[in-house]
Each structure stands twice: as C-alpha cells, then as structure tokens.
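In what comes next, subunit A is part of two complexes: it sits with subunit B in the first one and with subunit C in the second one.
Take a look at the complex of A and B:
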C-alpha cells in the first residue's frame, strides 16, 4: 500500500514538472532543458517571499507563483524570442546554457545550503494515515491534488479556451496560425509562462516537503523521460508516462537496488526509444519533423 | 586545415582571398611552423602550472575534436559525451586495478569499449533524429555513470579508483613535462586523423547526411553505415581521451564526470564554431581556460577574499552567460570572429593596389 502511495506521489512530481516540457514542445518544438532550473527558481522565490510575508503562507505562495510566471515570460522575451529562426539544436543549447546561468545565479543569491521554506511560513509537514496502513505527508498529498487540478485545468484550457485553441493552432502550423491573425509571440510567451508556472509549483511543493538544495534541478532531468515515454506532444501521455516511470523507479528501489533510482527513468526511456520512439500517445509524424 | 564547405566560408571575402596568392600559402606554413616551435619550447619556459593547463587544453581538444566530428560534421547531436570519457577512464581504472594491465593494453581496450558503446548508442540514431537522439545519448551517460558507481561500490572504492602511472621500460611516466608531450602528440594525432577522415569518402558522406539525409540516400550513400561509423569513431577517440585523462590524474571517480562536463564539451564546439576543426581546438582552449581567467579576474577585485566561496557559482553563471552570448550574437563562434578579422586585414592591405586592371 505504501508503495502505491509512493508511486502516486513520485508520478505526480514527474507529471507536474514534465507538463512544462510538453507544453513548450507542442507549441514551439523546442525541448526546454532548463525546466529543472526554472523549477528550482520557483522554490527559491518561495524562500524569499516566505521571509517577506512572514507567517502568511497564502500570500507568499501566490507571490512566488506570480514571480516565477513573470520569469517564464522574461525567459521568452529576453532569450528564446531571439532564437526563433535558428535551428532547433541552437534553441535547445540556449536552454542548456540558460540552465547553467540560472544555477550559478541561484547559488550566488541563495547559497547552496539545505534550506526549508516551510519554516518561516509556519507550515509543518505532518503524516496523514491512509486506509491500508500507508502514510503520506501533507505536502505530498497537496502535490497530488495540485497535479490533478493542474492537468484538469490544462485540459479544459487547451480544449475549450480561446487562447488554448490558439496555442494548439500555433503548434500545428505556425505559418497558417500567424496568417489567421494569431499573435505568435504572445502565444509563445504564454506557453513559457504556463510551463514555468507549473514547474515552479512543483518545485515549491517539493521544497516544502523535503527541503531545498541546489540538487533539486536534477529532478527536472529525471522527469524528462516521463514526457518522452508518454509522447512529447501529448498531455495525457505524460500523465501515464509519469506513472510508468515512477512505478519502475519505486519498484527497482524496493526490490533491486537503491542506486538504480537515478538510472531507472532513463532505462525505461531507452526501452521506449527502441520499441516506439514517438511515445505511447505521441504522433508518429513528430519523429520526422524534428 | 579542413573546414566544412559552407556557403559563408566559400563566398566570404576571406575565403576567396585566401585561395589566391602564393605569399598567403607561404605565410600560412610559416605561422604553422612558428606555432609548432612555440608548442615545443613552451614546456621548457612555462611554469608547472602553465604546463598543467596546457595539458588540460590538449585533453579537452581531443574530446572536442571527436564531438565536432559527430555533431559538427556528421550532424548527430550528443549530450552524453562525458559518459564516453568516463567509460574510457573506467576501463583504465578497472583493468589496471583488477589485472595490473599495462597501458599498451588498456588504451586499445578503452578505444574498443568506446567503439562498442558508440555502436550500441548509434543504433537508436538510425531511427531517431535531432532531439530524440540527444535524449538517448543522455541516457547513455546516466547508464555509464551508474555502472561506474556500481563498480566502485562493489569493490569498496568509496572515494574513487587510484591508478598507477604507466611504466615504459621500467620507468614511470608521471612528470607534467612528459605528460605535456604525450598529450600534445595525442591531440596532434587526433587532429590529423580528423583531417584525413574528413577528406575521405567517409567525411564527404557525413557532410551529405548532415545537409540533407534524404538526398544523401538518393545519392547512394548508405546512411545507416556512415551514421554508425560516426558514432563508433567519435566514441573511440573520446574513450581514449578519457583513458589518457585517467592516467594523467592517476584517479577515476564518478564525481569527475558530471553532466556539466558533457555540457562543457557541447559549449566548446558552439563557442569554437560548428563545423570547423580549428574551431574545436579554439573552443576547447577557451572553455578550459575560462574558469582560471574568471578566478584571476576576481582575484584582482578589491577585497577578493569575500568572493572566494562564491567563485564556483560565479564560474557557472559566467559560463552560461558567455555560451548564451555566443549563441545569440556569434553563432559561428570564435572561428567566425577570426575569419572576419582575417578578412578585414587582408582587405585593407589590398586596398592600396587594385586587384584587377591594367598592369602598372
């Protein structure tokens, strides 16, 4: 029972991080390898707002979410916008470089020590007993719920929202979308904002749950296989991919070797790449477009 | 030296002017000779620290040349380069620890191991392109590092594997002086190998595949074969670089091969200039010396002691910034800047006497 809860929590973490990958990939065919760092940025911003709004957790969290969303827009306006027209490789390399830059800056500003943003907020993690003898911490439970809400909101937004429709159009054919009067730059900026926001929320919740060090960004990289296993252009696939990767990881830690936990997502990924490179729910044509 | 025949290169003023005139040819062989002389004299006058830096540059050059072959010429993206370096280093570590194998056994074994890994991870490249391929090389990196860490844990080398310096005729090669020349020779050999490869049928096939795969196939190029070759050759060279690294440092540990190292190699070929062998060397030099330059720049600031703890983070941030700057403002890299300068200089000289017209 505990195993299942652990899987659920881990897969929520992966899903919440990797929906950022999917959003950006779907709209602009760019793989954002700085997602882990952007996620960490959200967590550190929460650390700052936590000391600003002492003992006022709602305000602090909202302020941190707003700030990190702004950062996402800034990333697009200052960096990724200039990479349009360059090759996809160049754009991906730009995100890698951005990741290095962010990591350095974050250590400079907030130091590399382990920190707990929950403390100044007066939030404490307590274990909730679930039926079946399993336990889950409050923040982990919050993570699962936030993840479910985020995905529900994203589905609704992309299917029924006006801007969601525009986003899908821009992803399908940027040229035609622009011809129809869709402001592509606004769409791309919105995508970066959304994906940074979801990533930052994941970062904040993880930091609240288990503390914050500069190693958090590695988690972003481990979430990537989840997106690819499900299919890089499918949100539903990402949810299922996260479940598969998390299940494989938890089971291998439990029954095989704890050291495997860092490799397991990538082993799953390799198996997927050999059998079905476009992912479970991805479209096959994607493979030839990149 | 060989460069990818890109339109920019062929039609730029520098390119056209270089082709003309015997004096240019003479000047170029003269500067090459001067460079060679400088490299040979350098260890006799340089400090041990400078010697060590130069050795690091040579090692990095081998790695960046092999990555340039794969990415810059054959067009296959890899961000698992550090994994292959680690693989080479581990082969040396394991063979010399377990069987006391001498270097003339471990170096070829490292090359073979690299080639095998390259072949194994080149196979996905037959179906995958671009980003998907990059991700599978990332997986390669994690698997190699995991295997290495597992070996260390299994044998109880918690802090890493110690390696004895290689012995030749009973003499231990451990001085920085000797290693300078060994690594220099290795780097030059790699460069010559790359130049020759690119002039061969293989090199031309890579160029065709990089430019447009479908057309290359229509021309009768066996895509699968040449793609795999690119992975095999590049990985073998990289693994040898890793093996040399292990001997030079006398030490192998999973921590030495962080993902950051892979990124550094990718940065080398970006900063140096995609599709140019001299660019790969320039980039390797730049990226290797960069942290030391930052360190000394910060050392010159008033109350430098305050920043010592932040040095590492500052390096990181500055490195990211420089890479972004190159991507945004000079996508052709250092070699692009160099060519432009060359163009300016030779144009200015020629302004005095007209290129054509009646003889005076």
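Take a look at the complex of A and C:
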C-alpha cells in the first residue's frame, strides 16, 4: 500500500510540472525548457509572500499564485511574443536562456541557502495514516488533490470554456483562428499564465513539504519524460505518462536498484520513442527536427 | 591626438594596476557560488570575503593588504579551469583556493601544478593527495575526513546503544559518499554491529519517501547518513513521516545547527569537527559581528568552514613574510600550526608529509527537549591522522 501511495505522490509531482509543458506545446508548438525554473520561482515567491503575510497561509499562497501567474504573462509579453514568426528552435533556445537567467536571478535575490516557506506560515508537514499501514505527509496529500483538481479544471476549461475552445483552436490552426477573430497574443499569454501557475503550485507544495533549495529546478527536467511518454499535446497522456514514469521509478527503487531511479524516467522515454515517438495519446504528426 | 591620449591613458592604467598588484598578497578562489551546490560553497566564499575585508581594515598582513579574488565556476570543471587560468595569468595569484565540487579538482590541480602555485581546498572534499604522504602543493581545511568520520560515528553509535545496534546506511550516488558509506557498512560489521540496509539516493530525487520506505522496512535502530545535508535531512524527515522513531546521525554540515533548532528531534544527531555556535565561543561572536556589519546574506553559523580556511591563509601569508611569492607561501604552508580558538578541538597543523591535519577531533550534538537547546551529546572522539 505504501508503494501505491509513493507512486501517486511522485506521479502527481511530475504531472503538475509537465502539465505546463503540454499546455504550451499544445497551443504554440514551443517546448518551454524553463518550466523547472518557473516552478522554482513559484516556490521562492511563496517564500516572499510567507514573510509578508506572516501566519496567514491562505493569503500567502493566493498571493504567490497570483504573482506566479503574472510572471507567466510577463514571460510571454516581454520575451516569447518577440519570438512570434521565428523558428521553433529559436523559441526553444529563448526558453533555455530564460531558465538560466531565472536560476541566476533567484540565487542573487534569495541566496542559495536552503529555505522553509512553511516556517513563517506556521505550517508543518505531518503524517496522515492511511488504510493498509501506509502514511502520507499532509503536503504530499495536498499535491495529489491539487493535481486531480487542476487536471479536472483544465479538462473542463479546454472542453467547455470559451477561452479553452479558443486555445484549442489556436493550437490546431493558428492562422484560421486569427482569421476568425481570435486574439492569438491573448491566447498565448493565457497559456503561459496557466502553465506557470500549475508549475508554481507544484513548486510551492514541494517546498512546503520538504524545503526549498536552489536545485529544485532540476525536477523540471525529470518531469519532462512524463510529458513525452504521454504525448506532448495530450493532457490525459501526461497524466498517464506521469503514472507510468513514477511507477517505473518507484518499482526500480524497491525491487531492482535504487541507483536506477535517476535514469528510469529516461529509459522509459527511450522505450516510448522507439515504439511510439508521438507518445501514448499524442497526435501522430510529422515531428519537427530540433 | 585623441589616439595618443588614449594610448597614454591605457599605459598609465596598466602600470598603476601592475604596481598596485605587486603591493598586495593576491589570493584567488574558484567557487560554486551559483549552481546546484551554491548553498554549500557560497557561504565559504562570503566568509573569506568578510574575513579579509576585516584584515585589510586592520592594516593587512605584514603591512600589506590581501586581495581576495573570488570567481564563480557554477561547480563546472570547464569554468573552474578558466577561472584558475585567469587567476594565475591575469591576477598573479600566489595562492589558489578551490571551494567547489570534486569534479572541478582535476583541471584546477593541473593548472596549479603547471604554475607551481599552492592550492587550498576549503569547504570541498579533501582529495586523497592531502593525506599523508601528502603531494606537494595541495592542502585542505575542510572538516570532514574520509573513513575517520565513519569511525567516529560508529564508535559513538556503539557507545550509545544499549542493545547491539541495527544500522541502516544512507549516502548519495556520488563517488565520495558511496565510498564512505561502503566503508562504514563494512566497519560496522567488523565492530560487531549489524548492517540492515543501505540506500544510495540521487541528489535530484523529487521525493525521498521511496528510499525512506526501504530503510524503515529494514527496521534499523540507527541510521547513519553521510551525504549532502539536503539528502540527510529530507531522508530523516521522510522516515519520521513513515512512523519510524529510531536514532538518526548525519554529518554536521553548515546547515545542521539551524536544522536541529527547527526540527527539535532529540533522536537526530549530527557529528562534526567544527564547533556549533551554541558553544558561544568568543571567535563565533566575532564572526556574528562581522557578518552583521557586512550585511551578509548568509547566517554567521554557516561560515565556520570559510573562517577556518581564512585563518589558515592569514597565518600562512604572515609566516611567508613580504615580499611573498608562490614558493614562499608553499614553504610556509608546509610548516603551519594555527590555534582554532575552539572552533576545532585541536589546532590545525600541516607538515611536509601531512597537508590535511595532524589531529582530527569530533563532537556529536543533538536537541535536548528538556533544556530547549542544542547540547553536546559526546566530544573527544580524537584521531591522529597518519
């Protein structure tokens, strides 16, 4: 039972982070390789709002989420909008540069010290007993719940929401969408905002659970295989891909060799790329060479 | 005319900078100030900067200021190599310092050897070349010592356990940590204790619970971890959340003191060679005052390693006299003994054959719930480094 809980938690971490990859790729065909850094930025923003709203966790978290979402919009307006019309490779390189810049800025602003955003908020990660003798920490449980709610909300939004439909239209055929009066810049800005928000929520919950270090952004890279395994333009695929990758990682730790845990996500990815390069639920299309 | 004026200005600037450089002790450091290991090495660099600012404000060494040049290598070997080349060719450093990951060692050692400039490791793993019989040119002040750390820890565990200890081991998937944990596992068995499990954790782990699950399932009474602080503390917390209530002992990294206060768990022990600030030593007060005056971004209690290294540098330069060059500094380093004023139990002593230290002494700390403060659980775990 503990193994299942561990898989659920790890898959939720990967799913929340890689949700951002999928949203941006689905709408604009750009791979945002700064997703890890944007996730980490959310955690550091929580650290700041935690000291501003001392002892008021609700306000601190809401403020951090709002700030993170705003950062996502600013990333699009100040950087990615300028890449419109450029090659995909140029846009991807811009995100890499953004990631490097963000990482350096975060160390300069908040230092490289290990931090605990939960401390000024009076939040502690305690254990919850589950059936079958399993245990889960409060913030790990929150991660699982937030992940489920986020995906449910995104499914509903993209399927039934007006702006969700516009996002799907822009992703399928941006020229036609623009000709039909859809403001593409607004759509892309919204996509970046949602993507940054979901990544930031993951970063905040991880930081509340186990602390915040300047190395947190590395998780962005570890979550990437989950998106590719599931299909880079499929949210459902990402959810299932995260489960598969997390299960492979946990089972390799438990039954094979813990040393494999770091490479297991990429082994799963390699296997998927050989068998089905567009992922489990991705669109079978001519893949751009990058 | 403009061209002539520019040329004259450039020549004057060059001559002035050259003559200014000749009139100072130049010490160059390559450090992982940013990147994955910044939390370990940035405080070391900060401590050195603050230390030598104070030394210079008090008149310098032998009446000459110390110019400490600190360059960021992001714990990347290529950047470290480039930094060292710059420090040697542009800045004419007479002493080099490496405060970074061990992956930077090879290129830095190579450059230092070619230039015949002594190299000091502060805060980073001590390479085996500094242990007796030591290689010429390499020195180390870092507190942790391969194999001796585990000997001291296991001696403490054996002395503290009422029943034969069942020990779980935890390390990181990096060579130095793996080697230490493998050594500890074997030594525990030789000392009559039972090794029940060993987990090696990748530094990039998203969730430590799976590793903690395996350790807890082995039912250890003690867990000994020798890895980066992040791995130690997150593994400990994950084990606690799984309901494990045994004893955990890890290396006392610079973050240890604040974490003991945060976690307040009386069964969490840290072992180290540096005195924690709860000892309230006069020199620690000095560090606190200096850090406050310099508006340091890092807490004073994370600056012990950098301060100790700087004390050794100051003593070496003092002994080398003026004018100094790399050869004189090297000669000075090979015969150096400095009173650590309580920050380490024994003086830091280097000889021709031993560039690590002659004596290594350990203390164990934990949180005393009744007193509401950190206490010394054990001291006087002493070893001669031969």
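The rule we apply is simple: the second predicted complex is superposed on the first by the 286 of 290 C-alpha atoms of A that agree within 3 Å, B and C clash if a C-alpha of one lies under 4 Å from a C-alpha of the other, contacts with A are read in each partner's own complex, and residues count from 1 in each chain.
In this section, a contact is a pair of C-beta atoms (placed from the backbone, for glycine too) under 8 Å apart; a residue touches a chain by one contact, two chains touch by 3 or more.
Quick caveat: nothing in here was measured; it's all calculated off a predicted structure.
Of the two partner chains, subunit B is the only one touched by A:105; subunit C is not. Once the two complexes are laid over each other on the shared chain, residue contacts for A:283 go to neither subunit B nor subunit C.
By the touch criterion stated above, A:270 is placed in contact with subunit B alone, subunit C being left untouched.
When both complexes are overlaid on chain A, the residue A:183 reaches neither subunit B nor subunit C. Once the two complexes are overlaid on the shared chain, A:3 sits against subunit C while remaining clear of subunit B. Look at A:259: by the touch rule set out above, it reaches both subunit B and subunit C.
When the shared chain is aligned, subunit C comes close enough to touch A:14, but subunit B does not. In the superposed pair of complexes, A:173 makes contact with neither subunit B nor subunit C. On subunit A, the patch touched by subunit B and the patch touched by subunit C overlap at residues 103-104, 107, 112, 259, 262.
Those residues of subunit A whose C-beta lies close enough to touch subunit C in the complex are 2-3, 6, 9-10, 13-14, 103-104, 107, 111-114, 116, 119, 125-127, 135-137, 140, 206, 210-211, 213-215, 218-219, 222, 249-250, 253-254, 258-259, 261-262.
Subunit C makes touch with subunit A in their complex at residues 33-34, 36, 38-39, 42-43, 173, 199-211, 213-214, 229-230, 233-234, 237-238, 240-243, 255, 262, 297-299, 302. Put simply, subunit A touches subunit B in their complex at residues 31, 79, 82-83, 86, 88-90, 92-94, 96-105, 107-108, 112, 221, 224-225, 228, 257, 259-260, 262-263, 266-267, 269-270, 273-274, 277, 287-288, 290. Interface residues of subunit B, counted against subunit A in their complex, comprise 77, 79, 124, 127-132, 134-136, 138-139, 142-143, 146, 149-150, 153, 259-260, 263, 266-267, 270, 310, 312-321, 323-324, 327-328, 331.
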